[in-house]
Amino acid sequence: MDTLTIIASASIVTAGLTIGIGAIGPALGEGRAVSSALTSLAQQPDAASSITRTLFVGLAMIESIAIYCFVISIILIFANPFWNHAISQAGGR
Amino acid sequence: MDTLTIIASASIVTAGLTIGIGAIGPALGEGRAVSSALTSLAQQPDAASSITRTLFVGLAMIESIAIYCFVISIILIFANPFWNHAISQAGGR
Amino acid sequence: MDTLTIIASASIVTAGLTIGIGAIGPALGEGRAVSSALTSLAQQPDAASSITRTLFVGLAMIESIAIYCFVISIILIFANPFWNHAISQAGGR
Amino acid sequence: MDTLTIIASASIVTAGLTIGIGAIGPALGEGRAVSSALTSLAQQPDAASSITRTLFVGLAMIESIAIYCFVISIILIFANPFWNHAISQAGGR
Amino acid sequence: MDTLTIIASASIVTAGLTIGIGAIGPALGEGRAVSSALTSLAQQPDAASSITRTLFVGLAMIESIAIYCFVISIILIFANPFWNHAISQAGGR
Amino acid sequence: MDTLTIIASASIVTAGLTIGIGAIGPALGEGRAVSSALTSLAQQPDAASSITRTLFVGLAMIESIAIYCFVISIILIFANPFWNHAISQAGGR
Amino acid sequence: MDTLTIIASASIVTAGLTIGIGAIGPALGEGRAVSSALTSLAQQPDAASSITRTLFVGLAMIESIAIYCFVISIILIFANPFWNHAISQAGGR
Amino acid sequence: MDTLTIIASASIVTAGLTIGIGAIGPALGEGRAVSSALTSLAQQPDAASSITRTLFVGLAMIESIAIYCFVISIILIFANPFWNHAISQAGGR
Amino acid sequence: MDTLTIIASASIVTAGLTIGIGAIGPALGEGRAVSSALTSLAQQPDAASSITRTLFVGLAMIESIAIYCFVISIILIFANPFWNHAISQAGGR
Amino acid sequence: MDTLTIIASASIVTAGLTIGIGAIGPALGEGRAVSSALTSLAQQPDAASSITRTLFVGLAMIESIAIYCFVISIILIFANPFWNHAISQAGGR
Amino acid sequence: MDTLTIIASASIVTAGLTIGIGAIGPALGEGRAVSSALTSLAQQPDAASSITRTLFVGLAMIESIAIYCFVISIILIFANPFWNHAISQAGGR
Amino acid sequence: MDTLTIIASASIVTAGLTIGIGAIGPALGEGRAVSSALTSLAQQPDAASSITRTLFVGLAMIESIAIYCFVISIILIFANPFWNHAISQAGGR
Amino acid sequence: MDTLTIIASASIVTAGLTIGIGAIGPALGEGRAVSSALTSLAQQPDAASSITRTLFVGLAMIESIAIYCFVISIILIFANPFWNHAISQAGGR
Amino acid sequence: MDTLTIIASASIVTAGLTIGIGAIGPALGEGRAVSSALTSLAQQPDAASSITRTLFVGLAMIESIAIYCFVISIILIFANPFWNHAISQAGGR
């Protein structure tokens, strides 16, 4: 296995696992937040505007964590500095 | 095992595991959200419109996480840059 | 083990595990949603129509996640681009 | 180990694990749904028809996930394209 | 290890694990359903007939999942196409 | 390791694990069912006959899953077709 | 490692693990059943006879699952057909 | 590693793990049963005799499962038929 | 690695793991029992004598399971028949 | 595998796993915090300002932990001192 | 690796893991017992003497399990019969 | 693999895993603390100042544990004494 | 790898894991005890002295378990008899 | 791999894992303690001083466990006796 193959394989596997594992937490967290929002709406319909606003801020915070994972995943596939270095090495050889 | 075989195998296995593992969290999260929505609807039928709207926004957010996994999975199968590079390498040889 | 064998094995194992693992989350999520729907129906029979409608939308969303897994699984078995490339390679040789 | 043996072994092991693992989620989900249906029936016998109807729709949805696993499992045993290709390869040789 | 030995071993191990793992979910699910049925019977003895009927339908659905596992298990032991092919190969040689 | 040894070892290990793992679910499920039956009996002694009848049907269903595992286990030890074939192979040689 | 050693080791390890793992479920299940029986006795002392009777039937059912494991375990140690065959093979040689 | 060493090692490791793993379930089950007995005693001191009697029967049932593990463990150390056979083999040689 | 070293290592590792793993269950079980005893004492101080007596019987039963593990552990260290046999073998050589 | 390849692979895999695993905790923690905030808002709409302020401070604290993981992940990809040293080593050679 | 090294390594690793794993159960069990004692004290301050006495007996029982682990751990480090035998073997050689 | 490569790889992997695993506990702990603070604020708005003060002290304590992990992680990347020693060794050679 | 290296590595790894794993139980146990103490103080401020005294005894007991782990950990690093023996062996050679 | 490299790697990996794993328990425990403190403050604002004092003592006890892990971690990095011995060995050679 030469350098390019190893780095490509590691990048592929890691990119998938990063978003795969990283999706568990945010999805459960958002599920919980949405679930509470709905219960709260049913309990206090008058506070709907402040509940909705707080929910969206919270979802944005949690989604940001999922996006960290997605960003790392995309970087590893499309802007991988190690891969670029290896390509330029191979090209220059 | 030559380069193409390794990259293909890694892509296949990762594509499957990414969506496989990544489906657990969003599915449970959506299940929880829908479950709360139904409980809330039964408790406060008058707030049905705001409950439904909030539920759909929440489901969209959670579904987006599952879609991140699906996108990575599809990219790895159909638009894999490492595979394309390896193919072009092999073709040029 | 030649290229075709490795890719075939990886595809078989991954196709199975993808839907196998990916079935856990959606099934539990749908179970929870249906369970809440039934409890809500018993508690508020008058809201049956809105409960049923919301339940079906929710089930559709969750089922879609299971279907992502099923699609990847079927793609890996019947429309696997890596397998097709390897076959054409082997055929052209 | 020649190609046929590897593919056969991978298919056997995967077919079993797919339905084995894939049975956990749907069974628990259906158990939960049925359990709620029974509790709801006891609580609100008058809503029996709508509860039963909703339960059957829900069970059908959850069962469909178990059936995805069963289908993949059966495909891997009786209609495995990789096995068929390997057989035809071996036969033609 | 020749082909027959490998396929036999894989079939034996898989047959056992399939029903072994696959028994966990249905058993827990049925336990939950029966448990709810009993609680409901105690709470609302008048609804005994509809509770019992719904319970049996539910148990049948859950049992069917366990039976999928059992069927795959039995197929792998007594009607294994890969084994049959290997036997006919060995016999014809 | 010759064919007979491998098949014997695989059968021994699998037979044990099948019933070992397969005992967890049914035992917990039956424990739950019995537990609910007792609670229900204490709550509604008048419904004792219908509770007991439903309990026995439920226990029979759950026990049947444990028996599937036991049957596979016993088949692997005493009526193993792969072992029989290997024995006849070895005897005929 | 000759045949006898492998089969002996596999039998020893499996015999222990079978009853070791298989003891978890029944013990927890019986603990739950006994626990409910005691709670029920305290709640409804008048139903003591029917509670005790149901408890014993339930414990017998659960114990039977533990005994399946014990039986397989004892069979593997004292009446192992694979071991007997290997001994007779070795003796006849 | 000769036969005696392998069988001795397997017996030692298995004997320990059998009782080590097998102690988890019964201990938790008995803890639960005792815990319920104490709660019941505090709730209904008049039923002390029937509670105590039922508790002892239950503890005996659960303890019997732990004793199955202990028996297998002791058999593997002090009355291991495979070890005895290997010793007699080695002695007769 | 000669026979003595292997048996010594296996005994050391197993002795530690047996009591290490085997301590989890009894400790949790006793914690639960003591916890219930204290709650019951606070709820019904008049039943202190029967609560204390039942607690001690229960703790003795649970402790006995931990002691099974300890006994196996000590036997493996100080009265290991396999080690004794190996020593006598080595000594007689 | 030369030095550069190993360090690159280790960096890629670690970068992904760090944020992947590290996303679970913060996402669940934030989900819980947001969920409580929404419940509190519904229960005490008058305290909305202090609830929102406390929520944002808390989310910031939890998000900071996710950002520690993201920072380490980015450092490993874009400012990895070990990679830089290895590059300079390789360049100077 | 000679005999002394293997036995020393096994003893070191086992000594640590024994107390490391063995600390989980007792610590959680004691935490639960102390927790209940405090709740009971707050609920029934008059029963403080009998609560405290029962708590100390219970803690002593649970602590004894942790001490079993500690004793095995210390025996493996400072009074290891296998190590002593190996030392005497090495010394006499 | 020479000394520098091994130490670099170990440092990279450990640095990531340390903060990755170490983020789970503090994040969940802080989530719980913040969640309770919000519930308490809604329940007793008058105690807001003492609740907020206690919350911040608690968050600081928990954050300090996450920071221990972050510090070890950063030390391993930027101030690793083993790496420095190896570099100076390599430089002096 | 010579004797000293192996023993040193085993000691380092074990020392860390012992306190690492061993910290989980006591920390959770103390958290639970402190948590109950605080709830009890809020419920019954008059019993503060006896609650505090019992809490400190309990914390001391639980802390002692963590200290067992710490002691073993420190012994393995600074007073390791196996290391001392190996050093003296190496020195005398 | 020479002695220095192995010891360095083992120290690096262990130092990270020790604090990484060891952070889970204390963080969760402190989170629980703080959470109860806040709930108690809201319930009984008058007992704030005794609640706060008890909380700080408890947090100190739990933090001490995290600090044990941190100390072992720092010792392994900066005051590792095995590393010092190996360095002095290497220097004297």
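A, B, C, D, E, F, G, H, I, J, K, L, M and N label the chains in the order they appear, each numbered from 1.
Following the convention adopted for this analysis, contacts are C-beta pairs under 8 Å (C-beta built on N, C-alpha and C of every residue); 3 or more make two chains touch, one makes a residue touch a chain.
A quick note: this is a predicted structure, and the numbers were derived from the prediction, not measured.
Participant: Moving only between chains that touch, what is the shortest number of steps from chain B to chain K?
Facilitator: Counted as steps through touching chains, the separation is 6.
Participant: Just to be sure I understand the contacts, which chains border both chain M and chain F?
Facilitator: The shared contacts of chain F and chain M amount to nothing, since no chain touches both.
Participant: Distance from the CA centroid of chain C to that of chain K, rounded to the nearest Å?
Facilitator: The separation of the two C-alpha centroids amounts to 47 Å.
Participant: Find the geometric centre of each of chain H and chain M from their Cα atoms only, then give the gap between the two centres in Å, rounded to an integer.
Facilitator: 30
Participant: Provide the C-alpha centroid distance between chain B and chain D, rounded to the nearest whole angstrom.
Facilitator: That pair's centroid distance is 21 Å.
Participant: If you look at chain F, which of its residues touch at least two other chains?
Facilitator: 1, 11, 13, 15, 17, 19-21, 24-26, 28-33, 35-37, 39, 41, 43, 55, 59, 66, 69, 73
Participant: Could you list all chains around the ring, opening with chain A and heading toward chain J first?
Facilitator: Starting at chain A and heading to chain J first, the ring runs A, J, L, N, M, K, I, H, G, F, E, D, C, B.
Participant: What part of chain F is in contact with chain E in the complex they form?
Facilitator: 1, 3, 6-7, 10-11, 13-15, 17-22, 24-26, 28-33, 35-37, 39-41, 43-44, 46-47, 50-51, 54-55, 57-59, 61-62, 64-66, 68-69, 72-73, 75-76, 80-82, 85-86
Participant: Under the touch definition given earlier, write down the residues of chain K that touch chain M in their complex.
Facilitator: Answer in residue numbers: 1-2, 4-5, 8-9, 11-13, 15-17, 19-21, 23-39, 41-43, 45, 48, 52, 55-56, 59, 63, 66, 69-70, 73, 77-78, 83, 87.
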